[in-house]
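Below: a set of structures, written as structure tokens.
Heads up, the next two complexes both have chain A, just with different partners, chain B and then chain C.
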Partner chain A sequence: MDFDIKETWLHKINPSLKLLFLIVLFISVLFIHNINFLINYTVAAFLLFAFFTGHPMKRILLLLIPFVLIFVSTATSMIFFGKGETTWWKWGLIHITEESFYRGLHLGFRALIFALLGLMFSLTTRPVFLFYSLMQQLKLKPKYAYSFMAGIRLIPIMIEEFQTIRQAMIVRGVEQRKGLANFFHKLKAYSIPLLSQSIRRAHRIAVAMEAKRFSNDTKRTFYYEIGFSKYDLCFVLYFIIAILLSYYAAKMLPFFPVTDVRYIE
Partner chain B sequence: MKGLKLTDILVTIVISIVFGIVYKLWGPLYYAVKPIGLHVDQLIYGMWFIAATVAFLIIRKPGVALIAETAAASAEFITGSEFGIEVLLYGIVQGLFAEIIFAIFRYKKFNIGVVMLAAAASAAGSLIMDLYKGYIDDLVFWNLLLFIGARLIGSIIIAGAFAYYLVKSLEATGVTNLVRPASHEDYDALN
Partner chain C sequence: MDLVCEVKNLRLKYPGEESLLFKDVSSSFCKGEKVLLLGPSGCGKSTFLQVLSGLIPKSIEVPMKAEKILTPSSWGYVFQDPDTQFCMPYVDEEMAFVLENLQVKREQMHEKMRVYLKMVGLHFDDLHISIQSLSGGMKQRLAIATVLALHPDVLFLDEPTAMLDPEGTKAVWDTMKQAAQDKTVIIVEHKIDHVLDFVDRILLFNQKGQIVADGPKEQIFSRYRKEIREDGIWYPGVWEDYLRDKQGYYKKTPLKEQVVIELEQFKGYRKKEVKIDVPYGKVHAGEWIAIVGKNGAGKSTLLHSLMQFIQTTGTYLLLEKEAKKIKKLSNMLSFVFQNPEFQFVTNSVYDEIAYSLRIERMKEEEIRTKVEEMLELFHLQKHRHQHPYQLSMGQKRRLSVAASIVKKQPIMLLDEPTFGQDSSNTFQLLELLEHYRKQGSTILMVTHDEQIAKHMATRIWRIEGGKLVEDEIHSCEDEQMYVQI
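Showing the complex of A and B:
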């Protein structure tokens, strides 16, 4: 799989700021109970995700497929089983009401906006820069940041080991059992060696780091110096404007005649 | 005695990254099971609490459960989770709730009961988050009970019992001796 990406302005945002701001956005979305507002807001997040991550359109479209599933599966249980008075359809246990329908849709959009923003973050942030930034701007202790960076480097080795185990089992002719027994057998056969080897490796790395005088001093020097730029301001302004516009548009041109999806007795 | 050494943190985080990848792969599975309906998906939700209990059982030190669950959630987030930023906050809350249970037993009990309790506490933490995010209290009553029940049972089985037996098998490999603090039995063995 090729991994060519164009660096866009989203890549140049300070990773700590991006992360903190996304957490603020997450919490703010929890206070939105008006579905029209949320739909507009989701569109704003979608624009960033679709056109500014620097990934080719084909990959973006591929990543969008699970979003449909997320939307449908999040929305349905509330639509079918939510509280409400104005019945639209009833069949057995399923009881769709106007209230539960809009609430379900609202939850679907909520899941969608979290997914869009989260994926936008992971598509435009390099983990190494994120941890350097967390150390420099948010004073994360180096032992956590470097542990994480070392851990990320171990992932390819784990994948290789996984394949080795698989091939070894084929070569030695390990018998395939059937059904649930096979599932648990396989789970154990893979997870125990993978975990134990990872623990051993992590332990060796830690010993080596300490032997080389790894210190937990926050006043250390850094290979990458990460600061702030005008793109940070762009990012924050984009969302402030998007939120204001979404709110205004929801007031002026609502999609649905509902302003609060919560159930009121 | 107090505080975690670099070794403890590195081992915790590496274990968490392994589970972070599992968490990431669990997302599509969860969404694939969900349309079956009647909250069958909640039965497998418990997998998302397993990093806290497994890491604590391996390293047996204060703070490990919280760090492990947070790190696993971070790994899931960085690899592009379908749930986006919410996994980070859920991870912190779930880890904290499991940590509280281990702290109540003063980090000295490692039996299956305590682990199951910690798993259930994580589930409770996630339910509190769902109250704000998922309007779950607006579900019809019988359906809400089914939802909570399925999640609790699933987490006790996966993050409780399964985690316990997983670490039991790991102990047989001898790898846990590398990272665990010396216990009373170790001291007794010296006498």
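Showing the complex of A and C:
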């Protein structure tokens, strides 16, 4: 699974710091109730995601499709069915009110912001660096870090196997039945060989790792020394400034006349 | 002489097995010795190697007992499967994993990596190269390099070339000869062509896990040739011995009239790129075509194109019908994959063979007679109730072939069916294929084995760089006819 990626400053951020800081951001987003603030914030996150991950624009847009769908579905379900007093439109079960409209949009943006930040993280962080950093900065035990890294190595092999099994099924003429029974049959036909191979592989890799003197009790040196740099500061500052600016802009130039989307009875 | 490794009266039993795998087995190894462990599949050679290295019981928990056991203080272990001995995605990171374990300072790592990779003859301008992009032979050499970094006195090699093509096999053993001159090396291997001039002592096991002979290689070979042959070991000369016994079984017959496959300007695509190109090819009933060529040349891709797993263009006629218009190709073509396990869809050997017939809604009695016939022909009668996964390597392979061809499709496509098999299983399979060929089946088979191409096939297709470049027909009187494409 090799991609052509340009390395940007986002790649150079310490992965542990990036992870922890994003978790803080995720939680803080939950406490924003002003829709204008949230929209500005989303724009700030979008800028990073769209222009600084080093991936080609085509891939960025492709990745965005499912999340735009999530945005639409979260927003509309709240808009159509949410509670509210100022009715704009009513038709059967669908009841759009001013309050539910804003709350729906708000929820949609919240989902989008999670998606943008999460994608930005996964697009700019190599798992190997993440685990090296977790071992060095957060003192994760090598036992866990290396099991994850070995596990990640197995994924492309499993994808290849999945294709082979699918072809084997065609050859055996399996694709004939329909319905639920067939679904379970298929599930079994794919998962048993995949799992049995993976368990066998995992066991072999574990033995091979121990044969290479991997053990829990010795200290180890690190091939990748992962430290902190000015980019970490940039990253944190970017968000602090972005949040402050978004807040200020929301005060000065609001899109909507609402400052709190929560429903108060 | 200095002892580096010894076991005395080893007893070992795998949980769930009825009898002991080893009962009072003893052996010892001296510094600098190169020893080969030989024996039939399933006799416990690999287990023995794991005990000698201490992997059993330290890393793999198996109940065992020994009067005395001496494992070397520093050792390295190279495993059979090139894909399951690395835990990192890149060459430099994998080398670094070992160096980190040994607490080598970070600044010295790059230099050391270069040194060890040079020892095994691997040269990369940039060490940060994906392991997945290497060939099997290169992966095994990388595995040796990582093991050399451990500064081992003793090297344990557990069939390091079982999953490699001839080229990779040779490269691995050439590497070993250079890099392990001064080390003690203990080897388990079935394909012993290149190993023989490297080792000086042989330990011969029998089916019951007993050591029946131990001595210099010349002596073992002259005295135990019969046993070695029966054990399914690929010793030098095994083909000559086999063909002498089977004289006249593999007969080249004149071409039959009926054309089963016709290809013209046939191209197969992966990701919109042409990966296989057959300018012209006509296959007659009863032909056995060996598809040969280097790794990655496009041999398997050709089979996948014929099976329509991938997109194709050009003329492709199957029994005079256009293949694209045939709804179920699996009624005309059978396909046998490299890894038999991927084909198994049921829980018993019997059901596995019956599967395709049941899909056709054939009557149970009729199915029974057909399946029984197959079970007998493929020597699987005793295992009919077993789960396919519980069979041995050779049995799995035979079952996968039996289950694929039970519908009596006129054409068989096989992707390296003899890969990783010992010699007796290989010969059994080849005899079965020849049996079907004589009855009029057509066989297209990807193989790395020159001998199969030479002695069994009636025709050879050579693939180079994604193109069929040579078509060689062996006619009935050993005259060869070349068709240059």
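Criterion: the second predicted complex is superposed on the first by the 256 of 265 C-alpha atoms of A that agree within 3 Å, B and C clash if a C-alpha of one lies under 4 Å from a C-alpha of the other, contacts with A are read in each partner's own complex, and residues count from 1 in each chain.
Keep in mind that, in the parts below, a residue touches a chain if its C-beta (ideal position, glycine included) is under 8 Å from a C-beta of that chain, and two chains touch if they have at least 3 such contacts.
From a predicted model like this one, the values you see are computed outputs, not experimental measurements.
Model built by superposing both complexes on chain A: chain B and chain C fit together without a clash.
When the shared chain is aligned, chain C comes close enough to touch A:165, but chain B does not. In the overlay built on the shared chain, the residue A:173 is in contact with chain C alone; chain B does not reach it. By the touch criterion defined above, A:150 reaches both chain B and chain C. Look at A:6: by the touch rule set out above, it reaches neither chain B nor chain C.
Using C-alpha centres, the superposed arrangement gives chain A a vertex angle toward chain B and chain C of 70 degrees, stated as a multiple of 10.
Comparing chain B with chain C, the partner in contact with more residues of chain A is B.
By the touch criterion defined above, A:209 reaches both chain B and chain C. By the touch criterion stated above, A:201 is placed in contact with chain B and with chain C alike. When both complexes are overlaid on chain A, the residue A:90 reaches neither chain B nor chain C.
In the superposed pair of complexes, A:70 makes contact with chain B only, with no contact to chain C. Superposition on chain A places chain B within reach of chain C only down to 8 Å, the least C-alpha distance between them. Put simply, chain A uses residues 150, 152, 196, 201, 205-207, 209-210, 214 to touch chain B in one complex and chain C in the other.
Considering their complex, residues 22-23, 25-26, 30, 63, 66-67, 69-70, 72-74, 76-78, 80-83, 93, 95, 100, 103, 107, 110-111, 113-119, 121-123, 125, 127, 130, 143-144, 147-148, 150-152, 154-155, 158, 188, 191-192, 194-196, 198-203, 205-207, 209-210, 214, 216, 261-263 of chain A touch chain B. Taken in their complex, chain A has these residues touching chain C: 2, 128, 146, 149-150, 152-153, 156-157, 161, 164-165, 167-174, 176, 189, 193, 196-197, 201, 204-215, 218-223, 225. Against chain A, in their complex, chain C makes its touches with residues 53, 55, 58-60, 76-77, 79, 81, 83-89, 92-93, 96-106, 109, 130, 132, 146-147, 150, 304, 307, 309, 328, 330, 334-335, 337, 339, 341-345, 355-356, 359, 389, 403-404.
On the chain B side of its complex with chain A, the touching residues are 5-7, 9-18, 21, 28, 31-32, 34-35, 37-39, 41, 58, 67, 71, 74-75, 77-89, 132-135, 138-140, 143, 166, 169-170, 173, 175-176, 178-179.
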